[in-house]
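Some structures to go through are shown next.
Both complexes below contain chain A, partnered by chain B and then by chain C.
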Partner chain A sequence: MAEEKKGRAVATSAAASVPKFVRGNMQATLRAKEEGKKVAAAYIADGQDEIFRAMDIVPAWGESFSGVCAAKRDAEKYLQKAESDNFSRSLCTYATCEIGFDMMREELGGAMPEGAPWGGIARPDMMIGNGQLLCDPRFKWPQATQHYQRDVPVFVNNMYYPPWDPNGDHHEVEALYVKYCTEELRELVKFCEKICGKKMDWDRLAATVELSDKTWDLFIDTYALRKHIPTPMDTGDAMNTMVPLTFNLATQEAYDFYVALKAEIEQKIADGFAVANPEKYRVIWAAGLPSWFALGDFQYFNSKGVVFPVEVTYRGCEKIELLDLPKTNDPLEHIAWRWVRYWTHWYDAAKKRPGSTPKVERIIEYIEDYKCDGVVFHSAFSCRSWHAGIMQQAATLKKVYKDIPILIMEGDIVDISSYNEADTHNRIDAFIETLAAYKTRQG
Partner chain B sequence: MEYFAGVDIGSTMTKVVIMGDKMEASLIGPTGPEHRKLANRVMEEALQQARLSFDDLTYIVATGYGRINVPFADRQITEITCHAKGLQSLLPSVKTVIDVGGQDSKGIKILNGKVMNFVMNDKCAAGTGRFLEIIADSLGVPLDKIGEISLTAEKIAAVSSTCTVFAEAEIISRLATGEPVANLLAGIHDAVATRIAALVRKLNVEPDIAVTGGGAKNIGLVKALGSKFGRELLVPPEPLITGALGAALMGKDIYIKYASEGLKPSRSGNKLEEATFFK
Partner chain C sequence: MTDIQTGNGLAAAEKLYTQYGSRARELKASGKKVIGYLSALGPVEIMTAAGVLPIRLKGNVSEAISKGDAYMETIVCPFVRNVFDAAVKGKYDFLDGIVMPHQCDSIDRTNETWSYTLNLPFWHFLNMPHAADDPSIAFTKEILRLLVKSLEKYTGNKITDEAIAKAVAAHNQNRKVMRDLYDLRKSNPPLISGVEMMKVCVAAMSLPVEESSALIESVIKEVKGRTPAAGDAKAKRIMIIGDQIDDVAVIEAIESTGAYLVMDDLSTGSKMYWQDVDATPDPLQGIAERYLRKLKIPTTFIGSAPTYEGILEERYGHMKNYVKDFKVDGAILFIYKYCDPYGFEVPAIKSYVEAAGAPVLYLEDEYSTSSLARVKTRIEAFLEMIA
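Let's turn to the complex of A and B:
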């Protein structure tokens, strides 16, 4: 029996309600099988959400399942199962955890493995991968797990955006990328129509896209409240409150969640609530997925007067008007423009600061807006494609911006064997002492 | 006279320094599983050396990874900050500190005795004193001799394994093929220095560079590290006590800051009594 860590306390009641949200998403996949709905093995942040929702396809989120296993400290059996078939420990542990679970479920003829966290997720009717610049495993992950579920069709949707080139002009090629993404999404629709045996309702798709846009705006407006000093909500909570945006985009319940969260934060500010009292230092979670089994570390920061009013991670949206999206009547083209511009809208700012990059520019923007004194990165060893550039980001930030204190934490998203609480807290303590010295120098 | 004590509970050694106007006592003892008991014992001996009683101490700061297990300490401060403070008092020109401890290694950038930035390796034994300890044991060479012997090598025997366990196996097999011990030790020191240098280069390394911790007592490692940075590295007279010295000086700073406002810092109130996890 795996040790289940006591849940961390959260500052907002909205965040406290998120586990029910996550469990609801997992149970929806099981209910879908009873109701005759189609289940898609799906992966987050790739522009496919509206298509699923408009076609009543229930997503079975691979990353969410593995994250739950990690948070419950119950991932090891699945990691070991995948490892037994030579999946390396250095692969993405979201993928290996979920693949191990799939392997077990297939050995049981599709029945749920005993003790699957929160009832597990259902066997999919289709698997929708995604090749894009953020994360490479989602290209191969569905193909790898198809080896164990040979009757389940796979579609890999490619959503690329112009890569950063300080010497090039991305505006010249943007439309080409949008056209490519739009066609990819159109092929995805055809694939889903074939599996579901029904046609896309294009008006319904347009309505879900509009709902997503509204949710993006509301999310940013809500999170902007965290600029308040002292901050009423920090990243420890945001690692929960990102769930509706990330896993339930294009649903009314996601929108309603942020309506409630915004009202709650406004009330907390009115009541003078503070995550840390006194709030001594404000720091940004600048990159990296968290160790889901060690979210309590945010409380450790808080207990020492350190708060995270902002994070880059899971802030997967932007104010729509800021993206200046061209008008189109094609909802798929709108999704494609929104996708491409989300990634490229820091490119121009980065060009204005010699030596900077879009990712660094984004961090600088947040440091300024949220009045941060320091920067924390988490380098998760198995999440290679995203985390590989963290050291470069840290060095660039110091070079082009200022010599701000930076902490690089090391661990993993799922694999607890990478984690040592005492050493982690020791690093945090040393970082806080560095923050103190920095603030003294700043006067 | 005001006296300040620093207690550094490292992974392998416990160090105590007592400061008055000058260093009144410094003591080093092995860290065992019973940190509290050992801290008491080393502190008692240091007090004897300084001809002081516990009540003579004005303020006590504990540091090192076992700092929370020093009940009689008034404050806990990380070894990163204490090393910076201690080093600055000994070698004021130093801007980069490399601390090679028993179970971790660190790089620290300092400015006027304050920490600007730091990096740590606490994930892997390779690149720490523990790696050298294991290899010394495998080769049957006393730990305090491996550095000197490595400097007599005719060539550096390349050690390809970066994992401590596999490196040990590689060393044993290379020994069987007749590779001289000195060459193997030179290879091992070069491998450790390479790993530490890769870690420390994550900082914007600026000279002077100093080495502290147990690793600084190994001349072979200090030379190997120097070759990685293309310069001679500085070593304080007793590199093991830098953290404890820094802790004592931090205690003095805290006391002076309070005194300047007509106040006294709060004390833990705990006495120097034997305590153990096993009672």
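Let's turn to the complex of A and C:
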């Protein structure tokens, strides 16, 4: 195994408890067979969580497995395995890492490969992909790994939202998109019912949807506490505390986690705790998945007095009342409305600022709400989904908002081969100098 | 179009290939609106029905990206980057607008980079789904309807069902004549080389549909006059598989070794021409079904068969037919770097086509001639191996 790097020290005890959450999710897949539950290879932020939970389907999250491998700096053997069957290194490394693991497990007749991180994840009974306006791997990944697990059925549904058009009115096509998402979710339910051999309990689904809504609200309320100066929690922690929302939505455990996190942050504020002391600069993590093997870079920022009170990444929710969702008794239609409005609720703001885009409006909103002095993006070379278009966002932000300092870091999510700590820290140092000059200019 | 009228279809194709967009430029000067589109998902029938000239966008593999990188990340598909670079440099200054179909992340995630940078009078992002189930067909019909409305608003002209049906018939005829031309590659040696064929395919996607069909028919007539074909009947017959290969560079690398490129599964080649649009009471129904279900591209998920083997037949069965019908000895799977949709298909395509009887050389490369020498060496080694 490659040398395991000590992870980032976290500011909150809630963040410190997250590895247990992640390990618990992986172990749940291994226990599922004994408990008579079905396991689904699944991919985050697909709008499918409530359906899984309401049907007792245990999700085996591909991104989580690969992220753990990356954080433990133990992904290389899986990447190489995938590469041995011609999966290019330029493809999504979340996917190729997990596919390499699947290949090894199949070669062992389904037995767990030795040294699989945290016991590995179980062979799935089904694979559930998703077509979106981002992330082709969300449907190519299950299709690709079916080549090695040929008896495992794959289902792909499509969850779109109206694309941004500065000259159009997305409200005119919302209903079309909601109808389509609802029908696609219904197709997913039919597929799950077939594989599980049981019918959906619609009352239970409605209850899980309600729980998700409550969790979304609580998450935003909790994270809003980070507006406090000095901030009591930054993105380094948020890359951990996103786990319950992202991987355990629609469970009581996720909700309870944010109850505890909120209480902890409130206490930290009362105690005068600061992530960085003194807190010199506040910056936003404006886009991009982090290098899971280099989360310690957040600490490097903190050591220089730079904190991230807010991030776009993994903030996959919004206050429900802000979305103004139409009332419906159909939980699938509710999910669909929530999905469409979540992605489009920055459109109206973008229309009011000529030349702007919804992604940029979201960044501006956070800069202002969280009093940020600068912007950091991370561009991961193997992931087009979140990282293509960052240059456009950065340029638009400067053009329509103000000449705020921007750093675009480069690396990868899983593949450590292109990472150079010294170079990264040099770039961070240069950015901090820019921040200092900017703050001086701002008075 | 004098060359076509005088029966010199290949000369016309050569000119249109080397001066890509020249006919569009002429038509633009005469007052016609010209709309560019990316990928095989561009619904040319609707654009034709709107009275505009649809032209498939291509880049230039011989030209380094020099301006586009100031706006677009280098992790984006090299083809998309190259076309964008060409547009930024003004190579498509005759365009009135672009229809940007949602094929992949590299297109979808850079749509704003394109539209905000180029700032053309007409822009339409066509949100084609990745699924092909019944709700997706219904949805596709609706988003095609949005394109119709969008074009109507821009051109000021009503697009009737009759006009769409007429355009469907014209494009189906275009596909038929192109399939007739492909048939002339079945003989041994083939009547038309891979290099010539590439030039015809590229030229064809830059013309109004009737002119495109006339060009192809002219080439057919000319090529048929070559019978009996000269050449080495023992040379290896190669098929190339990939997305948008729109330059002869790689084809020349194959054929300069003495092999024949006799078939392709490219989005500029057979993918465009093998499947017609069915004439349906609502013409958008047939168009939706053609682009979503008949067109086999890796960004549309296919997997309704009950077994994996059946799914492979759904996805790649046409390639098995090509191997048999065109007597293919070997295949080259040519994938662009940073292409997730095709990249994740490589093991499945490779094993399927090899099981169909054609050894496969997999090449991952840029949309550029900068690495051509290396590519040629790999091809030569492959051809020696299957000799």
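Everything that follows uses one rule, which is that the second predicted complex is superposed on the first by the 443 of 443 C-alpha atoms of A that agree within 3 Å, B and C clash if a C-alpha of one lies under 4 Å from a C-alpha of the other, contacts with A are read in each partner's own complex, and residues count from 1 in each chain.
The working rule: a residue touches a chain if its C-beta (ideal position, glycine included) is under 8 Å from a C-beta of that chain, and two chains touch if they have at least 3 such contacts.
These numbers come from a predicted model, not from an experiment.
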item: Touched partner set for A:173, first chain B, second chain C, both or neither; value: second
item: Of chain B and chain C, the chain that contacts the larger number of chain A residues; value: C
item: Which superposed partner A:310 touches (first chain B, second chain C, both, neither); value: neither
item: Touched partner set for A:332, first chain B, second chain C, both or neither; value: neither
item: Which superposed partner A:184 touches (first chain B, second chain C, both, neither); value: second
item: First (chain B), second (chain C), both or neither touched by A:418; value: first
item: First, second, both or neither for A:391, with chain B first and chain C second; value: both
item: Partner chain in contact with A:156 - chain B first, chain C second, else both or neither; value: second
item: Partner chain in contact with A:437 - chain B first, chain C second, else both or neither; value: first
item: Shared chain A contacts, counted only where both chain B and chain C touch the same residue; value: 391, 395
item: Residues of chain B touching chain A in the complex; value: 65, 77-81, 104, 111, 114-120, 122-123, 202, 204
item: Chain C contact footprint on chain A (complex, rising order); value: 85-88, 90-92, 95, 129, 131-137, 139-141, 143-144, 146-147, 150-151, 154-158, 160, 162-165, 167, 173, 176, 180, 183-184, 187, 355, 357, 359, 379-385, 387-392, 395-396
item: Touching residues on chain C, where the partner in the complex is chain A; value: 71-73, 75-77, 102, 104-106, 108-113, 116-117, 123, 125, 127, 129-131, 133, 135-136, 138-139, 142, 146, 298-299, 301, 303, 307-309, 311, 335, 337-338, 340-341, 343-348, 350-351, 362, 364
item: Of all residues in chain A, those that touch chain B in their complex; value: 391, 395, 398, 403, 405-406, 408, 410, 418, 420, 422-423, 426-427, 429-430, 433-434, 437, 440-441
